[in-house]
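Both complexes shown next keep chain A, but they swap its partner, so chain B is in the first and chain C is in the second.
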Partner chain A sequence: MTKTQLASISDHNFEQCLKCSICTVYCPVAAVNPAYPGPKQAGPDGERYRLKDPKFYDEALKMCLNCKRCEVACPSDVRIADLIQQARMKHHSHRPKLRDMMLASTDLVGSLATVVAPVTNFSLGLKPVKAVMDTVMAIDKHRTFPAYASQKFETWFRKNAEKRQNEFAHHVSYFHGCYVNYNFPQLGQDLVTVMNALGYGVHLLEKEKCCGVALIANGMYNQARKQGETNMASMRKSINQQSRPVITTSSTCTFTMRDEYPELLGVNNDGVRNHLSLATRFIFNLVDEGKVKLAFRHDFKMRVAYHTACHMQRMGWAIFSTELLRMIPGLELIELDQNCCGISGTYGFKKENYETSQAIGAKLFSDIDAAKPDFVSTDCETCKWQIEMSTGVKVLNPISILAQALDIEKTRQLNGVN
Partner chain B sequence: MNNNNKHYDVIVIGGGITGAGVARDCAMRGLSVLLLERFDFTNGATGRNHGLMHSGARYAVTDKESATECIKENMILRKIARHCVEETDGLFITLPEDDLAYQRTFVDACLAAGIRADIIDPAEALAIEPAVNPDLIGAVRIPDASIDPFRLTVANVIDARLHGADALNYHEVTEFIINQNRVKGVKARDQHTGQIKEFRASVTINAAGIWGMLIAQKAGITINMFPAKGALLIFGHRVNKMVINRCRKPANADILVPDDTVCVIGTTSDRVPIETVDDMRVTDQEVQLLLSEGEKLAPSLATTRILRAYAGVRPLVAADNDPSGRNISRGIVCLDHEERDGMAGFITITGGKMMTYRLMAQIATNLACKKLGNNATCDTDTTPLPGSEQIATQRDGAKRSFAFNAAEGRHGTYTSKIKLDTDADRALVCECEGVSVGEIKYAVENQHVHNLLSLRRRTRVGMGTCQGKLCACRAAALLGRFDNNIPKAQADLAQFLDERWKGIKPVAWGSTLREAQLTATIYQGLCGLDKAIERKEGSK
Partner chain C sequence: MKFDTIIMGGGLSGLTCGIALAKKGRRVAIVAGGQNTLHFYSGSMELLGSVDDQDVTHPIEAIAALNENHPYSKIGAQHIASLAQQAQALLADAGIKTTGDASCNHYRITPMGVTKPAWLTLDGLATTSHPDALPWKKVCLVNLEGFIDYPIDFVAHGLRNLGAQVETPTVSLECLKQARRSATEMRATNLAKVFTNTSNVARLADAINTACNDTEAVLIPAVLGYDNDDACNLLKAQVKAPLYFLATLPPAVTGVRINAALKHYFQMLGGRFLMGDSVENVVIDGDKVTHINTTKLQAMSLQAEQYVLATGSFMSRGLVADFERIYEPLMNLDTDAPQDREQWSKYGMMGDQPYMSCGVVTDKDFHPLKDGSPLANVYAIGQVLGGHNPITMGDGTGVSMLTALAVANAINS
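Moving on to the complex of A and B:
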């Protein structure tokens, strides 16, 4: 073989596909919905045809959850889900519908809704309103929107916590995400409690925008790119100028900003990616390296079933959350089999996806029923909505469990916090 | 001996594009026709070329007559063979190492031959064809296009049949029936049964390409031909949208053609002995030459997966004693053996190119008609082929499945005859090329499919990235079920995979090799295909 031949190696990621079809076996959508061609066909196979003629773009690609389970399964490291998302970005012809824009614009809708939270929550729960949303907006009537908080996390933080954060020896910035800000400030408060007990001051980023995952899923790529640039600028400032790494409590926001930004949106996250971590991983590493110590309450008892969110699986980070939970003496941990819950952000809210969504989650729901836990724990907020709606079991982020289980006073002392 | 009682006006030997075209023309003029092919249609040079619909520009400087024929036929094929043609246009590029002055000579020669040739700015060339070498210093846009020889041939065969012709593939002519210096017919072996059959006709037309030399020998007639081997490489996906040529005197590996889902670089040109033409293999040196020259046309070829290598044999007729085979006219040669050799009822049509097959057929048919006293006019230049009756892509706004869109590229308007009503019929057999169960059923029922090889040429089964890994066993199972002969299907499957490997072997490195290894693991290791074949052969 000559030099020319040795140098002739494909650098097209989709050409590394060996058609083994493992991805299709692990695709939660293909398993329940025959109308979806599956990741192999929609990804590398379809890519060849789309290169020949854009008319081969198949609208069925919208059925992809972007759960990335295909990429985890692929033995050839083909970025299958990225191929599918990129094809959607390149070929989608329709402008987003009003519904998709509303579902995607978490920041805007969240800001409006929290102002009139009681009215919003009340009306979103009303049967006639749900019926209208079902028929007019095609948001499935079975869905309950997560309740909007009456006070944003940022507002709470500024009023009650911000001042004392500078007193700590160490510092982090917290990317709270839309869910904590508008729907569930309690998780953000729990994070501040835990980090403060470990001797870390928590700060908001100079400017935080929604990570953009819902914008990407709903075809609003330019908006997503803009928000990505804003987030990266704020994080660079935090990391470089203030020496504050960035932590989060949402696996999906983290995954989006670490991996989807450069791969899908072309947003450069160099210098940020390695300093952007999920809080459970951040804390686990601190404990592991002996930099902080944890003290737990003796009266804490809880049976917890941990669900690995798809993007946690893609990042390979579930182990940090489960190992952290295992440190809690009174906690009995059941690790659920890795199955997609079916919601995938705004996907399951859409009427056309409801049945697929519930069929995908069925295995997980029955596993949870069988495990009979006090709580389910997961690092993803949309998994939380889906599991709570579908099983009736309450779902807690590992950080909230940690906040409940820690002996705060003793932990503060162990970490030299006055 | 099985005597077919029917007496034909014409027997056509050779199921390549020329033979298929002759059969169609004869049948359209009201003659009774039998077309005989020793293997599958398109098995020879027709199925082993670039798939380039020449504008004629390549020959403009050196062979004006061929160039003029090409552009005329090019314009005709755009109308009568829409579903086989993709109107891509082409570029002739000048690289820094080439003489830019040649561009003027080239353009003048094109215009003189009636070929549109527009000099465009290199920047514009890059804009309309981003894959082209960015170092180019000159570009000419010409009306080259891409054409699918498999579809074109089958469409001609089908139309011949629609006009009453009989067509038999897998029937090899073994000898002529000659009486008093007149060819009265042929004896042919049915390759599947071994049976020898006799067929009689007033006129026999030899349209067997390079094999025509051997056919003529059977009638005691000598035709000197140069078998010129041309090797080509197929890449895994399309890197170029337009045909890319080098603007210089025709040389090796200077044409890159986008064909369906792939692109093809070629060719080399080497004289080979006539004894070797049934088993062409591509050498390492040829692969290296194709790659290193190909990268000059489109640098991204260097980082694109290569699917396979193949080689065809040009049927160049020796007009003089030029040993190179390149400077021979590609002009059409029609031999009336009654005049030339004193053998009545026998015609050879050869030389030419795929591009001029229709004209070759017209010339041969004119001669046959003259001999038969038939005065009908030739309508093949205006009558669309089956599948090309209308513009293939009807934008009716209806949502079309992937399988339908893929099939439409292959069957044109006849796609509507493919049944895709049930999930079972819509199921994909070949995932790389989007071939459904319904399309395979259609091909088997209507397109002379006898095995996986012929099925591949009708539908692209096994032509995609996996080269048969996923589809070959599914397709074999379908054929086995239709024939009710599973052992035959198993042997066919093994043979098909061997044929795929033959083409992969010269380019087996990187992901292409990994793919082939996985295929071998599945068929040999998991399914025990070779063991199954061995057992069967041992028990015979």
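Moving on to the complex of A and C:
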């Protein structure tokens, strides 16, 4: 290509937009909320005006879920959602409300809540408390807060698992994320079980902070950047000094740290990005390269409907999770059609978004009802809350299914673990 | 990751080929870098619409007279009829009901109100068997308030030229007023989402029944049926006069529905669809591709026995034109594009532009040539192929589906 053509490539591939409008077909928000102008108008079309004068910034942009389904659909590789997010970062002037700050501060709130977990869970479930949260905080009363665990994953890990991790031949660091740490340590425990059976010791990062996805969604960019820098420093140490790649069990955390850090926050993740992976991808690669072997239980039977979370879809990694699940004899897999569940992290918790959120998810919920699975599987924790609340079907991360389906003893033997 | 066949491109040709292969139990992966040009489809498929500016009535006969570089000639004119039937059956298996016959074209009505020859048309759309006449003398052409992608004056003018008496009432509904809060979003596909709600369909039917009295047919832009044709059938059942849909400007509901149905069917047959991923690197050793890499799967390479190139034409980036050359970006395959840039185009933008028929060169079995020699385990299908012009010849969908099936049949045997 000539220099002129190379030099004219703009941020987020803005100039590649052909105005084909395909993105508008796949926006889950515009489909249910006519007040949202849709990805083409909010993204590249609006950007032309905003570049001329910031007064063209439209507050309706805050309705964007940042699900990235427009980007997945775009045949011209325009990063439409990034354009929208960046416009919000640049032009949105309101300070986040107390409610948004609380929803976004997963680390702080999680730490406080786990200390008094039974009280927190009990009171968050009480009708009067829900009513107060609904009216005072504008957190929708239909929502059930994910229960807080009485013991953080990190605490469990230090007490029960850390000591024996050095005995393994190979090692990884585990970015567990807020959800595993405060709400659902079981998933972290399942990960340790599986990785140990494969001959991999699991370690915590020197310092782990929330990936920041909720901070970005709620306009707390500086805080997100700070936490991003901390995570990248810890991961660099793990990768470079300890030769431990980093694995995760949350598609959104992974996506945020791999793609949103450099694209939106300007947090440099060079040297980390290629060594930061979702556990299902990491394990699939090991199996594919013949480096580990899996032995499965003979009595395992499960009908599973797999839901591709939006950010999983954007990463293009659903194939790793579904191929891994397909390796399990006795597991019957149904791939659900591509639809957003509507929760989008903290978005669906907000009272003003509740109706939109449920309307977006309606198609997915009816597909799940029709599939009649024993379990739904997905790599995203917030999809899990939404699907469980809206369909009553229990949702498992693929790693938890793997932990149940593996013949742990036999797998350990196959991989030379004593 | 290993497959029997990897298809690069998830549009009409890639999906058709993938379905035909997966049906025979082959392990197939499709890599699709974004959505495809099915989104611009009117709801009609064309086999061959025009030769030398003359409408084609009997495509199978006309195909026998095409020159040797046309993809149909490579398939062999004697195979066209059976492949055309296979294509129609494949669509039906995926849940897409069509009417039409490869031996004799019918006519579709374009969103600009003119008639064009067509091979297959989705059930429910208005068609006519003659280019200069309609089946009705008196029609009610309904428009929806605020709908931006329907130049109704053109359509009405076109229908009047065909001898019909045309009324053009505009229907206004509360749900459409709501949708108009974002006036720029009043497109066919967004309206189709409004009409996934059955009570909105009932209100639309009421409004049409009030607006259209004493008419032989109601014609309405195709803004219903986003996921399936339930809403279309519901409306037809509730409108008193016979009701037909007319193609709209893109993004077209009809095309979106075909795309979703084919993709769903492919996955149901066990096919793996890598959506939003693109092929970054194709590794060739001698006359064979050994593996490919994609943007998303990075170091994890994909391997297969055969590779099918179904990346489309310029718009889909299957072909790229820069200031110096026209090229095929994945394997730098041989193309039939003129060296001299001045010869890519000629005077008269709307005319038969040479670049439109540029594409990769293949042998008679659709193995593309690289530096003059065919790649043995690679096939090229659909709009990336040279030797035909979908705009002037009206052969786009036919070439996509039939080359896909010819190659799938060759691989399956």
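As a working rule, the second predicted complex is superposed on the first by the 406 of 418 C-alpha atoms of A that agree within 3 Å, B and C clash if a C-alpha of one lies under 4 Å from a C-alpha of the other, contacts with A are read in each partner's own complex, and residues count from 1 in each chain.
Here is the rule we go by: a contact is a pair of C-beta atoms (placed from the backbone, for glycine too) under 8 Å apart; a residue touches a chain by one contact, two chains touch by 3 or more.
Note that the coordinates shown come from a computational prediction; the quantities given were computed from them, not determined experimentally.
Participant: Under the stated touch criterion, which partner chain does A:G330 make contact with: chain B (first), chain C (second), both, or neither?
Facilitator: After superposition on chain A, A:G330 lies in contact with neither partner.
Participant: Between chain B (first) and chain C (second), which does A:Q41 come into contact with in this model arrangement: first, second, both, or neither?
Facilitator: both
Participant: Is A:K19 in contact with chain B, with chain C, with both, or with neither (first, second, both, neither)?
Facilitator: After superposition on chain A, A:K19 lies in contact with chain B alone.
Participant: Going by the contact rule set out at the top, does A:M315 touch chain B (first), chain C (second), both, or neither?
Facilitator: second
Participant: Using the touch definition from the top, say if A:E71 reaches chain B (first), chain C (second), both or neither.
Facilitator: Second partner only.
Participant: After the superposition on A, what does A:L51 contact: first (chain B), second (chain C), both or neither?
Facilitator: The answer is first: A:L51 touches chain B but not chain C.
Participant: By the touch definition at the top of the document, which applies to A:N285: first (chain B), second (chain C), both, or neither?
Facilitator: In the superposed model, A:N285 contacts chain C only, not chain B.
Participant: Contact-wise, after the overlay, does A:E59 reach chain B, chain C, both or neither (first, second, both, neither)?
Facilitator: first
Participant: Quick one: chain B or chain C, who's touching more of chain A?
Facilitator: When the residues of chain A touched by each partner are counted, C comes out ahead.
Participant: Quick check on the output: what are the common chain A residues between the chain B footprint and the chain C footprint?
Facilitator: 1-2, 4-5, 18, 20-21, 34, 37, 40-41, 45, 76
Participant: Give the list of chain C residues in touch with chain A in this complex.
Facilitator: 1, 33-37, 39-40, 178-182, 184-185, 187, 189-190, 193, 227, 250-251, 256, 260, 264, 267, 272, 274-278, 294-298, 300, 315-317, 322-324
Participant: Would you tell me which residues of chain A are touching chain B in their complex?
Facilitator: Against chain B, the touching part of chain A is residues 1-2, 4-12, 15-21, 34, 37, 40-41, 44-49, 51-52, 55-56, 58-59, 76.
Participant: Please name which positions on chain B make contact with chain A in the complex.
Facilitator: Spelled out, the residues of chain B in touch with chain A are 236-238, 258, 260-261, 284, 287-288, 291-292, 301-306, 393, 399, 402, 405-406, 423, 428, 431-432, 434, 464-466, 469-470, 507, 509-511, 514-515, 518.
Participant: Spell out the residues on chain A that touch chain C in their complex, using ranges where they run on.
Facilitator: 1-2, 4-5, 18, 20-22, 24-26, 30-32, 34-38, 40-41, 45, 71-77, 274, 285, 288, 313-317, 319, 322-323, 335, 337-338, 363
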